[in-house]
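Shared between the two complexes below is chain A, which has chain B as its partner in the first and chain C in the second.
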Partner chain A sequence: MKRLALALMLAVAAPALAADPSEMLKDPVLEKKAEDLGKELRCLVCQNESIEDSNADLARDLRVIVRERFAKGESSDQVKQYVVDRYGDYVLLNPPFKGTTLVLWLGPFALLVVAVGAAFAFFRRRPSVNATPVVPLSTEEKRRLDALLKDGDRS
Partner chain B sequence: MIAEIGHFALILALAVALVQAVVPLVGASRGNAAWMALSGPTSAAQVLLVGISFAALTHAYVTSDFSVMNVAQNSHTDKPMLYKVAGVWGNHEGSLLLWITILAVFGGAVTLFGRNLPPGLKSRALAVQAMITVGFLLFILLTSNPFARLEPPPLNGQGLNPLLQDPGLAFHPPLLYLGYVGFSMAFSFAIAALIEGRVDAAWARWVRPWTLAAWVFLTCGIALGSWWAYYELGWGGWWYWDPVENASFMPWLAGTALLHSAVVVEKRDALKSWTILLAITAFGLSLLGTFLVRSGVITSVHAFATDPARGVFILGLLVVAIGGSFLLYAVRAPALKTGGLFAPLSREGTLLLNNVLMATGAGTVLLGTLYPLFADALNLGKVSVGPPFFNAVFLPLMVPMVLAMAVGPLMSWKRSDLAGALSRLKIAAALAVAAAIATWVWQGGSLGPWWAAGGMALAVWLFLGVLTELAERIRLFRAPFGQSLSRLAKLPRSAWGMTITHAGLAVFIAGMTASSAWKQESVQSQKIGETITVAGYAFTLKDVQNVQGPNYLASRGTFEVSKDGKPFAVMQPQKRQYKSPPMPTTEAAIETTFLGDVYAVIGDSGGDGGYVTRLYFNPLVVWMWAGTGMMVLGGLVSLTDRRHRVGAPTRARLPAHSVRA
Partner chain C sequence: MRRLLYLLPVAVFGILALFFLRGLTLNPREIPSVLINRPVPVMNLAPLPGRGDTGLTTADLKGRVSLVNIYGSWCIACVQEHPYLVKIKQTGIVPIHGIDWRDDPVEGAKWLKKHGDPYDRVGVDPAPGRTAIDFGVTGAPETFIVDKDSIIRYKHIGPVTPEAWEQTLLPIIKELNK
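Now for the complex of A and B:
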């Protein structure tokens, strides 16, 4: 699930970078890691933008800090932890799974269970058409049906 | 003087709305025909009065009357005429006036086209419309008067946010509002039906076209906003799960569910209570959308109104409207007679599955959008819920839905055989798997994201599923070819509508998957004469010049782009500096091809004599717009179906000698 979440979160609407070329790291692998992490970090003075998308000064500073940490050889998790220690969970665009976000992460599944359950209850509560016995057509009915079908083909 | 006439007309409209909200309702419960009939002239008066008011504000904008505060704050004499007019709704007060104008027009439309509606239902529905009108008019008059004067008037206005000075965004709010307010029709008729305690096929036949029209407008509006974000924000992205985007997406999801369940009500007389609930929910989410955007409760790029007094008023309005209707629903819905039976595996069953997933999707978006608010209010700490959350939770919900979309139309009503439907989809399934494998191989296995293969497979599955259904309908290869052709020609427009819309979604999914998975970009400091190659397109920066616009200065870069040594295009992106208000914007240059958009953005000049340039190749983006266009087209085609033309079948059945009162 975690991996699915990770893959999907990187999937849609990966916006281009606001980063200035001068900020970028020389090592493309490290730069890619920094960009990937930056897309998950909220620009704190902006409105729902990641630091990679934002032109704000604060976002720029945070981009530079993230890259400095990567240049020092820290891993993505270490850099992320460093930023979270300073700014709290608010900085994470992907909210962590913990006590206070339990409702957020489990809510959709609960909703689905309730909706599916309601649909099942709907079928249980009322007699299904399957329950009504199927009576085979009488010869007379069959004849009339055939006549009607033939009629339909002609028109 | 004209502004005062506009203001006065609004006050009169409020008085008329109060009458319309009460008298026809009382008349309907007492069976007093004259009182019920009052709903007609009052709704016509609404159109007139609110129309005068809207015209008065438009006049103030067109003539740049800066003694009106709203105009002074949002307009400027230098602005092109299109944006002067668009400025009317490019702000809080004016956009509410637009909301109420559209509401009045919809009310008028009920009166105009609903002559053959049962008088009780019609007068009750119009009374409910009037109640909404009263709420919004009070809101405008008490907290957001667009006609407030300014003394002394300034020499010139402050101008409109330059990001909003764009043809795409000029028409974005009206379309969105036509969608939001359009759902008020379904809502009013749902409430009226609850009061009457009766929902039948006639009710659904009336509600369906209005819901469909609202859905078409909303789809257009959302797509236009998305398109705008794509070319104007200069990031090449088109959907950000921003709270304001979510605000329009939630009613869309609920409205889509409503469209499908209303089909079941009309054809099979089932799912009635659920459909009523959806009608209430769709409009409730529209109100909530207005609330989220207009109150500034969730600050976002779009929230240009931040005023708590207004927030409290709308919150009150929401509680009364949504709470009241849910209460009415809880009391009255059990009295609705249950109708036609059906087995879980049937056309109705798959439509119900659509509803389950759509409703869960809407609930998920609602939860994610409001969670930061709740967390803050309950002292759980500040939380951000961004795109990673929505992508992780919402997209998996849509996978089973798209899978079922191909199957549902092949099922028969009442009771169906799943194996039979699936066996007809063998070719679609085989080609979908082939598409997945081809995608996997083409992108070099795990070099590209694994879900790209899944997305492409889903698109192929749905598209071929739609074609299979069409082929089944016309009995292609089973009947003589000529007969199939004549069946094709005789297909009802509503069937065409479904086919086009569902195929449009398939095209959209392909575009969305490709543009998310295989976007290529390059950001650098580029010197004049330097060539950068992205996805085989060689961008040579020829020069950067200053150009003067009507109300901005721009530096315009000129790229000569070639592909495989052959000239492809000359692209001229701009970086604009607007004068009033002073704000920079980027104008991307986009060359669209069938396989993808070549996208160039120019930035500031760097210290080393180069310019910051951002060059992209966005694959299959035009497929997304084409897919959305097909969805809208399908909706429109379906609207022209005779059965959807309001009242047409009923009127034809009226005896010739009948006299209408």
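Now for the complex of A and C:
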């Protein structure tokens, strides 16, 4: 029962965000937009965390500046562009689909196609078991088989 | 032909191995800067108290190849590179400007008194470090080479070591000074 309660509590608890209340915008709609964008932006210090999740000073600075820009009336795309202009596509946790990232996005699918093609070719070329015609047993073979089977019954 | 086909997996493995080997030797901290070959960001930074200069503005970088060094009194790696910056200043090859990043200016000034002051001009960039973010700074220390036309030409991440100076930064500065 205790365990169940603990599990339930853990399941219900929302992951804590690093943004402390003093950083948050008063307008809940803008704050939500800022949080959503912040989750897509990589913290340059901890690298696999978003700026929204990170405690690093630089992540805090970026959170503050992102919010300032939203408060000034910029759109999500404008704020995102502001950060990308300074840190490059690397700052986006979800890399954009463009020329330099084609291999990244399409590579796995290309490999899959090649692998499926190779497997297909391999299995088609190998003579299947069903394809070899079944030659009926000769009278001699039948006699031997019957003898063996009878032999098995006795033991 | 069939034989060649059997070599295909080996070839694929080889290519992947090359990629991974390259990946292993890369430093994930060294994020290529998108600001290379772009003008220095517009800045107008206040001076450090008691230092006697007027701070650091974009206009101050015009006309000479210079270094812009990001430091802070809280930055431990800066202590490591600092004596070498003082040495570079003594050679007179290139002026170094400092940006005291995310710091209390009083502490920043004290720190320079303690560790030596290699800078021509120093500007203060308090949190949230707008100018540093305009420079695409990811941590301190970082050093930028700015050319005569105020275009950023190179970004060095981490302490300027004698090796980095002699093998990378100095040749670029010499080239730009031609």
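Convention: the second predicted complex is superposed on the first by the 110 of 155 C-alpha atoms of A that agree within 3 Å, B and C clash if a C-alpha of one lies under 4 Å from a C-alpha of the other, contacts with A are read in each partner's own complex, and residues count from 1 in each chain.
Methods note: a residue touches a chain if its C-beta (ideal position, glycine included) is under 8 Å from a C-beta of that chain, and two chains touch if they have at least 3 such contacts.
Since we're looking at a predicted model, the values are computed, not measured.
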Contacts of A:Gly88 with chain B and chain C, given as first, second, both or neither: both
Touching partner for A:Val45 - first (chain B), second (chain C), both, neither: second
Touched partner set for A:Ala119, first chain B, second chain C, both or neither: first
Partner chain in contact with A:Arg60 - chain B first, chain C second, else both or neither: second
Comparison of chain B and chain C by chain A residues contacted: B
Doubly contacted chain A residues - partners chain C and chain B: 47, 88, 90
Chain C - residues contacting chain A, complex: 28, 31-35, 102, 127-130, 133-139
Complex contacts: residues of chain A adjacent to chain B: 4-22, 24, 40, 42, 47-48, 50, 53, 88-95, 100-101, 103-105, 107-108, 111-112, 115-116, 118-119, 122-123, 126-130, 132
Contact set on chain A toward chain C in their complex: 44-45, 47, 57-58, 60-62, 64-65, 84-88, 90
Of chain B, residues touching chain A in the complex: 233-243, 299-301, 303, 338, 341-344, 346, 352-353, 356-357, 359-360, 363-364, 367-368, 371, 375, 380-389, 391-397, 414-415, 449-451, 512, 516-517, 519, 521, 523-525, 601, 606-607, 612, 614, 616
